[in-house]
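Chain lettering (A, B, C, D and E) follows the sequence in which the chains are written, and residue indices restart at 1 in each chain.
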Amino acid sequence: MERSDRRPVSRLLHRWPAVRLTLLLATPLAWLLLVYVVALAALLVTAFWSTDSLSGEIDKSTWSLDNFRTLFENEVYRNVTLRTVGVAAAVTVIDVAIALPIAFYMAKMASPRARRWLVVAVLTPLWASYLVKAFAWRAVLSEGGLVEWAGGVLGIESPGYGLPAVIMTQAYIWLPYVILPIYAGLERVPNSLLEAAGDLGASNGRAVRTIVLPLLLPAIIAGTIFSFSLTLGDYITVNIVGGANQMLGNLVYVNAGAANNLPLAATIALVPIVIMLVYLAIVRRTGALENL
Amino acid sequence: MEPAIALSGVTKHFGDVRAVDGVDLEIADGEFFSMLGPSGSGKTTVLRLIAGFERPTGGTIRLSGTDVTGAAPFERDVNTVFQDYALFPHMSVLDNVAYGLRVRGVARRERRERALEALAMVRLPDVGDRRPTQLSGGQRQRIALARAIVVKPKVLLLDEPLGALDLKLREQMQVELKQLQRQLGITFVFVTHDQEEALTLSDRIAVFNEGRIVQLGTPRAIYEDPVSPYVASFVGTTNLFDDATSQRVLGVSGSHAIRPERLSLGPADATSNGTGDLVLRAKVVEVIYLGSANRVHVRLEDGTPVVVLEQSSGSLPAPEHRGDEVTVRFARADVVALAGDTEKSGDTQ
Amino acid sequence: AGCGDDEGDGSTEAVEELGELEGEVSILAWPGYVEDGSNDPNVDWVTPFEEETGCEVTSKVYGTSDEALNLAKSGDYDVIAASGDLSLRLIASDEAQAINTDLVPNYENVYDFLKDTEWNTVDGENYGVPHGYGANLLMYNKSAYDTPPTSWSAVFDPAEMEGVKGKVTAYDSPIYIADAALYLMNTQPDLGIENPYALDEDQLAAAVEVLKTQREYIGEYWSDYLKEISAFETGDSVVGTTWQVIVNNIKNKDVEAILPDEGATAWNDTWMLSSQAEHPNCAYKWMDYIISPEGNAAATMYFGEAPNSDEACQVSPEAEEHCKLFNAGDEEFSDKLWYWRTPIKECLDGRTDVECTDYAQWTEAWTEIKG
Amino acid sequence: MTFSTTTRRLLAVATGLVLLVMYVPLLVVVANSFNANQAMTWPPTDLTVEWWGKAADSAGVREAVWTSVQVALLATLIALVLGTLLGVALSRYSFFGRSSVNLLVILPIALPGVVTGIALANGFRAILGVDLSLWTIVVAHATFCIVTVFNNVQARLRRMGGNLEEASADLGAGVFMTFRLVTFPQLRSALLAGGLLAFALSFDEIIVTTFTAGGGAKTLPIWILENMFRPIQAPVVNVVAVMLIILSVVPIWLAQRLSGDTDALR
Amino acid sequence: MEPAIALSGVTKHFGDVRAVDGVDLEIADGEFFSMLGPSGSGKTTVLRLIAGFERPTGGTIRLSGTDVTGAAPFERDVNTVFQDYALFPHMSVLDNVAYGLRVRGVARRERRERALEALAMVRLPDVGDRRPTQLSGGQRQRIALARAIVVKPKVLLLDEPLGALDLKLREQMQVELKQLQRQLGITFVFVTHDQEEALTLSDRIAVFNEGRIVQLGTPRAIYEDPVSPYVASFVGTTNLFDDATSQRVLGVSGSHAIRPERLSLGPADATSNGTGDLVLRAKVVEVIYLGSANRVHVRLEDGTPVVVLEQSSGSLPAPEHRGDEVTVRFARADVVALAGDTEKSGDTQ
């Protein structure tokens, strides 16, 4: 076996799968742990500190639950949290509701050729800057803007700036991120299952409800992770079209980036962290996390 | 009585491909009907047309006399057992089986009972709580069957239901399928490309080629009176003699065929002994032990290769080794005259 | 001591003389303060500076004073353009070092009323040189009013806002609380507000109350001017605070701005030297350049604020025009202005019997106001 | 599967409508890039090509685009390497803590950007003591881009099964040769798909970038955000956006060409 | 001479599952060796142990006398033809075939030549430029074969290489495989669960059950002298008589088996006529037409079910319908006495 002598490393790796696994995992895990987990942990710790208001220095010597007290006792935070979760949920529901039929058409009805074009068509808007799109919606929704301009005859009125505008704009911006996983998920649902359902007497609607949707759930959830999390943390769209409203992202941003109160920002940031962790824990069993 | 299924002039084109090309077919109530043919010959497409998954390009389809050409699958009293089973992976076995009842609005309790009955019928009474992935191939196959029969369709369509099973299991399932069909009295339309399976199970067989039915008849008729070399060579092993060979060997013109089991081997010096049988000298090329028989490849004096199937029935001495001189004997009556070309289709590279 | 060898230790002693130029300088400023032609080749006052001094400029802009403080702490910047609400915070957190105005020859031209103010001078030490100044004006759309407003009550008095409900706008920063305080100073003298940046808890509560009421009528808050411009252009907003530069950029003829009777809050920006400056010598050069008549005129005209000297107003006919528009050097006008300061516990109005509310409290209050 | 013509038409119309709604705001952007009114009000009263000229002259745009391309390329590259390693590890081995690793990879994309942003910014400055720069953006972006590559790689490897790799070893190829000749070519379109998505995510990222960008590094979204504060520049932003949309056809087509299937576009 | 492959005491556990349980096995150079057994009996695992894809839990594996127990697949002079072919989809057929040469550093030119040679050997000289996806199942199978033989391994491992092919093609490939093996003189280790295939092709067969070899011998020995009811029923169809039945029917004690093809049917009034054959009265339960034969299920007077295989050799009258009274005749010599229990394993639900 003269060949073997030339491959000491290959042989070693073959002999010790654990070594192979360790080599594979070492770098990415170190990266994620050192860069991300440590940073998150540090943020959590920061939540127990406070800031000197004039100098902006963080006082690390005293640990207290003051920030948490502020968070829980001040009604504002509860309202903003509820508002934000509401907006994120609405965006997610709208996106899923829109994405399902589109993705279904793309995956199960369009010809392969049309399918390619549809995928491109859905993806292209991703490349127009997020900020530009948000501002474009400002023009669409403004007084005398596109909605009223075009809908004038029909008497359509723009909802103006406010939460509905935020929901519409966010739903618009994240829609491709929801369509894609659902489309991919639908492609994985064998046609024969739909046929079997029809064959057994289920109408198309029934087949979709009882067969496609349950099988698609992981893919749908994968899509919702995008739309929900991206909306949960957004503070820019709400600034642009949100009227006088603020969301959790604004509070975190204002305290961290502006008010220079990182401890309070960290405390507020725990809210979306906890929400997302709970959400992930719930959906984990569905296999959604492998469909992102 | 109206035939359970009647196709007249049914055609299905996919773009340029004529998957089904003018099929006329009547299948009687309670018949076990098989469609046999090479890959791509249109068997599945015919089935899908009957089930309603495809709409024909031309022609009409009638079920028990009613025109269903444009009807949706869920409007037809026909059920399908899919080749890949198409079990719903997110439902338990019981829910799978009960699905057809559920969409018909049958109450939960009755649903459960009837599903359990169907499971018992396919002899899997205890797997109701499992997921389809927790079953073996053979078990899944039976669940697919149970799911289809639970709604008591008039017609059951089966697309190579045994294709994925191993031989042993397959033989076992063949027996069960046949029994089930008899027991339920349902019309079975069965697609296979395994000729032995078709012969074993069917009341009638349609042999397909390139979207057309090339022969339609009982297993015996198909096997013993193939209308063309194509059918002869596709159904079972056969010795095909083209015109020239026939003249040389049999002394008659036209294409002819004779089945290996109709031939027997004798000692090199055997003669016809006045029986009227033909006795030809040959040399053994290869002996293949099949357990229940030997398949002996010989070469006649003029070089024509011939296959002889010798059942190990104990009475004949097992033919010896390659190179031995032997005689091949057969009755003239067993030679079948064929119409059509001698080109052997159905051969795959 | 020479310059540049004691950076980073937060020394507050101003240097005596300049050392060798480092060849580069890093600047943190409001948008439009440091233009090098990369956005518009016709708008460029950085290149002449670079050519003159050999100091290569890199710059970063910020959106609000609060964001600037955060960025300044990174220590990446040598010079910082700070508004009055930021400058004291920079000094308090040791991010700024005292400067020697003798090393900034153009300092002598600067209007006296901008020199040695509370937001650029602490304990007699100068922490920067004044750049330009402007007022937070009241802007409105004529077509929405029978009689155009003349007072801040247009945005604080519910009775006046009723007709324009949902179309009122306000500046999106805790510092805007001072605008309400200024209004209260005039309408509720009983509260005893002397300085809108020195509010005790009761006074703050009163201001917050005003703002919470106002919140009901607000269409949107603004912090970037594009939003403000488009809102007034389309009519989504019809009344609210503004900057002169915004007024100038609105084509809608019905929109105009005034300095209301009560006066107004305002900003005066200061170029400050970071205590962590790695290029202090180039930084001094920049400070001198940007308050020079040419540099200052170019920057303030582009941004839309009053320049810091008469000399700057005289560099060109356009500059003269500009200065008139922005009331440059008009002390009477300036007297009506309450320049942005950082609210601190120690009351800026000199009261010692109470503790005032600090910026952190204002920030919290602002969060609450917006709800 | 057959669907009634009505269903088909209904869904086709719905798809068309949604696409229309998806493109209308983009058309507004295009229109505004020619809108003489710099506040981008609708409808445009006068048309002008002034902004296109300004955009063409703007060195700032060019630099910002280049910075973004650099950041996105570097982040994508890192994500490709780390995502592939993780994908291989998780689809070819089962080990204790496997699902925790899976969750860990997803976390950076699942947690809102503002959280990731402040955590990383604080981590870089307070813990690691490094100055924010182009590199800190790259690190931040790479962190949340890993998951897109990881998911594509994992899905592909699962579909591919282990047989091809075994066949390669069986024919005499060592671990690395097998990766080079068999595994990698099989992964190529998955990597392209994951890489493309990673590139898109990074290229357009603003929130995390805001927190992790140092003074010298100005990505395009940051440039756009800054210029939104500069009224005179705002319409130029629209020109840039239009250019981006047009240019995006390049990577999308490239992906189609290289992979030959729509797989690469997910 | 050292055996090509020698396994001694080889065991492989997956967690609790004993996939392979103490296998001792020697395979001679140039032998066509088959492993036969039901699903899950450990055949594939043994193959993977030989190839080096798995490491044994215990025991040693030697190839031509060299201990390779811990060696990697790429260190072994053994090649595998995978059941799903495992062709590299991103390479042309030629590159696939040349792969083993490429990783050995053979120059491009020689690589090409030898790959073309191998393609010619599997009779697909012209498909080199295609992609594997552009080939039919049978063609892919041959390419997999060509890819494995191009590097001239001493041993070729084949894991159900014909499992995915349809019957017709499968028979054709069996012949070709056998020819190729003869031509190359390579040791073939062949996994199948198709007993007919094993009988047809092999020099020797190992029958597996639950990770163990239950019988090892020539096809004839396995078929005609099964050591246990398990082997008897797994290999071919058989009539199994347990002790009680044997006593009743045959008048002897112990388990016995007789192959259906050793039985023949006669008229109801036939007698043994002094031949010493046993002649038993029976009633026809079912006649299954197989084309080349009829499988007749009968029931003896005492109720014992018996299967008779009647070759359609033309001379015997085809047995008539269900319910007919017949006699079953067989020679005592064809009855095989079995050791072990009568429990029929190998049945899959």
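Just so we're on the same page, a contact is a pair of C-beta atoms (placed from the backbone, for glycine too) under 8 Å apart; a residue touches a chain by one contact, two chains touch by 3 or more.
By chain, with names taken from UniProt: A, D = Putative spermidine/putrescine transport system permease protein; B, E = Putative spermidine/putrescine transport system ATP-binding protein.
None of these values were measured; they are calculated from a predicted model.
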Any chain that touches subunit E and subunit C: A, D
More contacts between chains, A-E or A-C: A-C
Approximate Å spacing (C-alpha centroids) for the pair subunit B, subunit E: 23
For subunit C paired with subunit D, centre-to-centre distance based on mean C-alpha positions, whole Å: 38
Whole-Å gap separating subunit B and subunit D, where each centre is the average of the chain's CA atoms: 54
Multi-chain contact residues (two or more partners), subunit B: 52-53, 72-73
Set of subunit A residues in contact with two or more other chains: 3, 7, 10-11, 14, 135, 139, 142, 144-145, 195, 198, 204, 256-257
In subunit D, residues with contacts to at least two other chains: 1, 4, 40-42, 169, 172, 174, 177, 228
Residue ranges of subunit C in contact with subunit D within the complex: 26, 28, 31-32, 37-41, 43, 58-61, 63, 71, 74-77, 224-227, 229-230, 233-234, 245-246, 249-251
Subunit D to subunit C touching residues, read off their complex: 37-42, 54, 57-60, 63, 125, 131-132, 214-216, 218, 226-234, 236
Complex contacts: residues of subunit C adjacent to subunit A: 64, 66-67, 69-70, 73, 88-89, 92-94, 166, 172-174, 215, 218-221, 223-224, 226-227, 230-231, 234-236, 342, 344-345, 358-361, 363-364, 366-368, 370-371
Residue ranges of subunit A touching subunit B (in the complex, touch as defined): 190, 192-193, 195-204, 206, 210-211, 214-215
Residue ranges of subunit E touching subunit B (in the complex, touch as defined): 38-39, 123-124, 136, 138-139, 163, 166-169, 171-172, 193-196, 199-200, 219-220, 223, 234-237, 259-262, 264, 288-293, 295, 309, 311-314, 330-331, 333-334, 346-349
